[in-house]
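Have a look at the structure below, then the notes.
The letters A, B and C name the chains in turn, as written, and every chain counts its residues from 1.
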């Protein structure tokens, strides 16, 4: 069920998001993360300054410097919904968090902050070494899907059982080592899974991992599509937005492109509390079970990849087919040149 | 979450369905579609009377004359739920929309209006030519899934980028040309995707497309099952109904039939905002991934087909296994003769 | 959307669960099952004492004596959430129902009541003979998924069409005969599907069936995981709990275990109104469609089995990746010894 401010208010404070430091956090009201963070107990392994176990780096390493930082973010920069040819009213800028890729040793940012964060690429047989620095004021982590990692490289807060990588304090740095073993190929999400979960995810802390098979032919074009929501609890805005890659409404969400004849891959994940269906107009593809489909169901943290050879020039929609999500912004253009 | 009137009212007007012409449309209150339609801006291509690009008709053509028209519709004609052996109280008749098949050149209706509308059949290699006439008072379209179509045959409203087929005005006629190319075989939904979306879908404007492989053996029996909802926003009734093919509650929804020994195919789609699971009692089937299943998850606009040889005579339920949906009417009989 | 007491109250009584004996039953308020049961009409076949049709027992029989009985149940026995290292406040004990396995002829219980109930095991070619006794004060049934059964062995209430097995009165006994024919292999849920549906399921009346292929190698470890909810309507408690096997919150839900080198199978089902995703940290597996996954979507009554060879010692989470469900208790430990 989709709610806007009126619905949220009437629902008596909105649905429960989580309970942090004994305080119930609800969808409709902005959570004060920095204040809540003060009451979250530090795990022993962090308080005592325990070191992470020595991680194995097998095979060649792919190294990334990743910073979680606060960023001013605008959900509907064009203030228009091109699908409905209508204005989108109201302020849509808020204090988000983003993972930002930096040059070696955190020298300089490699580009502007994006939501989702940078796509981490590796090949089967390589080891991902991700140096993570937390420049927000709340404890954070990076939790990967799909790849192989030992428990201390899990990036998950585990209460008293937490490893140092499960509670990276403001200002701290932690190096995650993840092995792209045989059988980890695919495109996966990564995301915060720390003690403030899911609020940092709801503020934008997620991205994609792409583990390729060596020698496998690369698609000509790859689209990374994250379905998620920006809710009042994370934005302080009055309205809930259904988003694709940090933006809402056609013309603001990514306008994907390709050319006829290109091999196009699309990688979709979900980073919200909702279930979605992914639909692409004018196209269809053979799913992993052999069926021809043009619409698939995806739940939180699912990852789905599809591929086709482009044969249909023009301006198309890609969107969530949950009707209310579509109308709350979960739609975009896919423009194919002849 | 399922709400009835009490829930809707308490939730402050219900969840947001969409924003049309700057007006928020909510689940619990009947939308005045004809009034809203007056404020929806005509796209340039429609106002200037642009012609659709010349569509390619390759291979033999399968021609349909399809009219969208208002229809009085009763959701629970028997006023009883045979599953619970209980009366279903209250008025369930309202002003729906339906796609109706007509004879050549819109001569005469080929039968009574149904929800879903007529199943459009074709074989791979054929081209579907669907002459669509809009006899309602709001702009409408027909958007197909699965088949191949050029952008102007998409049947999707695209704001200022709309082609004539994406905004068929009251009284107007538009001919859609859809190619059943290799790799489009399957059973697919079609539905309105015009400027009033999703309200016309919520009023009944959807149907099935069946693209068969030439020479493939036909099942002896085929059941088409659309899971959807009739909500107060579309009906003006007090209660939300979970429906199968326009009806709610066992004995009102289609009573499907077959005989022992027959090859039975069932084709299921979803045309509501909800996710559902399809369960059939006394039967199971091998899914496309090789697993034996008797219950599958489906989201909005997903399409799923299953097949089995009937071996179990008697009276069975088919239903959505979301418990609240089942109890709001999403269930029916499947009666197998020996 | 997840609601706690505050949300439920504000939502005007909560979502509709079902309508029993003409009375609307809502999520937020405890239903008086025993009182409601008095108004549920007995089907003719039960009132007249009709006998079930003679069931075929083909192949060897696997016999179970199963009793549905009231049981005091505590959802959060440790009163702590080990994931968040936080206290879980409030009373969590209530009057549940459970299926309990008894020795031959209902001699004595084979152990303490569990939720889910006992796993019923059989091999393809065998017939399951389940003697069911109802020791609660409301009519109940046992409805199996996956296996073959004639309509009178369906265990589903069908209003006036009900067979004796679809309405087992308080104090009564009914013997279900289910055939594990070729093509029924797999792990399936069973659950109440009687005239009080879904309230007895919501109180704990469900379990697993495991139909094995003869000669197939057994996994070294098997985990059975039921995602469900304990809602105020069924518990009389103030809060809704997202549960795994009758418990909520890490440390209370089952702590699953395995050793490196073991072949581990996990069997997951859903017995609530919600959709979920199953995620296991530090592991991934090849799904039936050939994809490598670590997160899958499951809806009500879906059944999903996965298998892997354990290679990653340590303390891991398994959990539902719907963020609000995770934070309402749908998470547990998986501890792997070296």
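One rule holds for everything that comes next: contacts are C-beta pairs under 8 Å (C-beta built on N, C-alpha and C of every residue); 3 or more make two chains touch, one makes a residue touch a chain.
Being a predicted model, the structure only gives us computed values, none of them experimental.
Engineer: At the interface of subunit A with subunit C, does the proportion of residue numbers present on both copies reach over half, so same, or stay under half, so different?
Structural biologist: Both copies, subunit A as well as subunit C, present different residues to each other, with under half of the numbers appearing on both sides.
Engineer: Working from the CA atoms, figure out how many degrees subunit B turns to land on subunit C, in steps of 5.
Structural biologist: Rounded to the nearest 5 degrees, it is 120.
Engineer: Could you put a whole-Å number on the gap between the CA centroids of subunit A and subunit C?
Structural biologist: Distance between chain centres, rounded to whole Å: 33 Å.
Engineer: Touching at least two other chains at once: which residues of subunit B meet that condition?
Structural biologist: Residues 1, 3, 10-11, 275, 287-289, 297 of subunit B touch two or more partner chains.
Engineer: Could you please specify the touching residues of subunit A with respect to subunit B in the complex?
Structural biologist: 1-4, 6-7, 9-11, 81-87, 250, 275-277, 279, 281-282, 284, 286-297, 312-317, 321-324, 326-328
Engineer: If you look only at subunit C, which of its residues touch subunit B in the complex?
Structural biologist: By the definition above, subunit C touches subunit B via 1, 3, 10-22, 24, 41, 43, 143, 145-146, 148-152, 154, 156-161, 183-186, 188, 195, 197-198, 201-202, 272-273, 275, 287-289, 297-303.
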